[in-house]
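I have placed the structure first, in the form of structure tokens, so that the comments after it can refer back to it.
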Amino acid sequence: MATTAAAEAIPAAPALIDELVAANRILYDQGVVDGFGHISVRHDKTEGHFLLARSMAPGLVTSADIMEFDAEGNPLDAAGRTPYLERFIHSEIYKTRPEVQAVVHSHSPSVIPFGVVATPLQPIYHMSSFLGAGVPVFEIRDSGGPATDMLVRNPALGAALARALGDRPVALLRGHGNVVVGGSIREVVFRAVYTEVNARLAAEALRLGEGRMVFLNDQEAAAATQTNRAQIGRAWDLWKAKALGIAR
Amino acid sequence: MATTAAAEAIPAAPALIDELVAANRILYDQGVVDGFGHISVRHDKTEGHFLLARSMAPGLVTSADIMEFDAEGNPLDAAGRTPYLERFIHSEIYKTRPEVQAVVHSHSPSVIPFGVVATPLQPIYHMSSFLGAGVPVFEIRDSGGPATDMLVRNPALGAALARALGDRPVALLRGHGNVVVGGSIREVVFRAVYTEVNARLAAEALRLGEGRMVFLNDQEAAAATQTNRAQIGRAWDLWKAKALGIAR
Amino acid sequence: MATTAAAEAIPAAPALIDELVAANRILYDQGVVDGFGHISVRHDKTEGHFLLARSMAPGLVTSADIMEFDAEGNPLDAAGRTPYLERFIHSEIYKTRPEVQAVVHSHSPSVIPFGVVATPLQPIYHMSSFLGAGVPVFEIRDSGGPATDMLVRNPALGAALARALGDRPVALLRGHGNVVVGGSIREVVFRAVYTEVNARLAAEALRLGEGRMVFLNDQEAAAATQTNRAQIGRAWDLWKAKALGIAR
Amino acid sequence: MATTAAAEAIPAAPALIDELVAANRILYDQGVVDGFGHISVRHDKTEGHFLLARSMAPGLVTSADIMEFDAEGNPLDAAGRTPYLERFIHSEIYKTRPEVQAVVHSHSPSVIPFGVVATPLQPIYHMSSFLGAGVPVFEIRDSGGPATDMLVRNPALGAALARALGDRPVALLRGHGNVVVGGSIREVVFRAVYTEVNARLAAEALRLGEGRMVFLNDQEAAAATQTNRAQIGRAWDLWKAKALGIAR
């Protein structure tokens, strides 16, 4: 309630905050995050700023937990709320990817193994076609040395991760998790969920095919990604109803 | 509510629509479909027509979402409701399979890997004995070329899929999902669920046996399929009670 | 309500029927049975008779669904209720195993793969130590020929299964499921649940160890089985509370 | 209610008992324990004593079930309550590890396979970095001979297990389960949950990488463990809300 130095903060639209809260709950309900992981969205009124929950389990987030951050990852009106240590994942990606509107960082369980082996993560089916752009693995030792605590805990590590991500939608963090970006909250949630599903199904297919399987080719991946853009709402409606206990 | 050009539509029996709604919920509750996938049934009053929900998550379908389609997959009384892009899976199969009364298309997760490897899907036990008829894999590149968005989005692709399916109960769609047909809503739901279970168990057995395992032989598969016809209600009653929250 | 020719039936103790109903619900809730599978117990008042639900999903069974059968598997007071086709699994095992008080037949999912490969099911830990007695696989082709519907649908097949089981607590049915016996409803439920858990964990260990793993030896298996007899109530209380929605 | 010889028992703080009850429920809800397994905490008022539930399923424990034990594992005020057979796991570890405040023993399912194969359990990601200290396997045959019932049922076996554990946070018990220690109830619960998660993910990665994968190195493991100490509350709040049905 008490205002701090950053009294100039302009409130984001309540509907945007509600959508971000719903996204937090969905990511937990769909098994993408457990007590850890986070999702941010660009502020709709202040260029360069973004919205992100205080440091807490995504499954318990409410609108009162949503904080505003500036382009460097500094909280504007903390009001006693502790920010996530890894908010620089978000700030540094927003700096280099103007078209990105939302970012998810998670320890999505089925994806973790792909971050520690040589086998690349590729799209097994059209739902995860966005992976066809390639999925780089960020090795924190390259920029942070051999003795980090694995966290992207400062702007330099955030920038290194953003470089590894490049212009792609997903990057894996070795021994840690992954980061997913999208053009909206709904798109990034869709991608985070299907990255997890794809990892589970592709691992299964690689075992069944003893390493040999047919992935989507580049053209199929691009075409399916284009088609899926108009279909995201179908999954979002279901996931939101389930996570918020609205329907069924 | 408003009627369109197709004012001659004769309403289907409410009990049939209720059964189709229940089937949508069951397929979601049993993990056969997520936000995507669909189930249709032949119209009980109009030859060649079929019933299918509007484009939405099956788990949220209610009777108001059920639309009628003609034999070419055109909606009769859309009333602002958007049809599924892939309704031609249904229309084209109904054209070539007069005995089929209901069709399920899903991205049933355990089945996806079998669509992208050389290992065929075969029946590990009597519950999935209907797979003994053989499970073809539909490669969309053969008819749609190397750059589709993977969707069966027009009658030509639907007809190609129907040809691949032939006279069998199940076909896999490479990099996409599968299609299951049956003599009733209950039978197609039963088959869709046990196709998923069979894929999970057969993959496990193939690993355990390092590729060697005993499947049902043709005679066992045929005899068990005959027996199961009278047992489907036992599973349906449970699944319906669970999906609709009636019992327990 | 109406009595039939078998008017001489003496009602079983209500507490025994309640226990059998609870066992049906537990087996469903713990994932041992789905819409199929069944559990019986010896009648407490009539030598050679046993109690078993009518043909229905175990998860929906109530006391009104419990029927009485004679030693040959004939229902005493069907009153319009349809018996399970495979009741002869129960009748024939009770004939040859006087110490057995309860029998479970299921398609317990993790166990199915062990019935179709050469790898034997062995106890990975003390909870499933009863498997140390050896787990035979019943091949129905040996007694029923190559064209059965896989069901133990008559006394002859039931007797063949009982012979395969011998004096052991568990037998697998190739391409079908398994049968578990015990000295009480609680013991057979305990064994059915831990047979399923053991199959899942042993399959995982066999993969991890590339076929090499340490199982319980015969002495350990026997000693742990003796100890577990006094511990079964701990699991039963939890499972019952969960399945019947009593606690938490 | 009735007091016994040990009338000198000083009650532990109610908040500590509540925390221990919550921990019991969380371990069940997170799948670390089923009907078996237990968690203890050092008594906050009496040096050398500890608190542990009576012999029952952790998921059903209430404050009335918490008993006090002396340093030798003898109950102080049993009042008719039966203690766990394996309370000596707790008493003997507390004797040799003064810094340990809480102990979990479980049959955590994904961990069981690592206890029976040669492959060591190592940390795949930062959440389970505490495993970087090494995870010994306790072979009960070494101290108990070839014919035990697998239980750590006396002080001598408890002491042997404590020696195998040494100064590490986790030890596996071959053919049985594992033991986890921590500096608080919350830390030991955190470690027990992520030991289970790590086992599942590492097994998957070892398959995917055909035995080759990158684990955290010693420096990363140590640094991440230090960082995680301040983050445990985030998971605890979620798990407690879920297990006790407080939120969502």
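Order as written gives the chain letters A, B, C and D; numbering starts at 1 within each chain.
Please note the rule applied: a contact is a pair of C-beta atoms (placed from the backbone, for glycine too) under 8 Å apart; a residue touches a chain by one contact, two chains touch by 3 or more.
The structure displayed is predicted, hence computed values, not measured ones.
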Any chain that touches chain D and chain A: none
Neighbouring chains shared between chain B and chain C, ordered by label: none
Numbering shared by both copies at the chain D-chain C contact, with half separating same from different: different
Separation of chain A from chain C, taking each centre as the mean of its C-alpha atoms, in whole Å: 46
Rounded Å distance between chain A and chain B, as computed from the means of their C-alpha atoms: 33
Residue list for chain D, restricted to those that touch at least two other chains: 207
Graph class of chain-chain contacts, one of line, ring, star, complete, other: ring
Which pairs of chains touch, using the document's own definition: A-B, A-D, B-C, C-D
In the complex with chain A, residue positions of chain B that touch it: 25, 28, 34-36, 55-57, 59-60, 85, 107, 109-110, 112-114, 116-119, 146-151, 174-177, 203, 206-207, 245
Of chain A, residues touching chain B in the complex: 123-127, 129, 197, 200-201, 204-205, 207-209, 212-217, 219-220, 223-224, 226-227, 231, 234-239, 241-242, 247-248
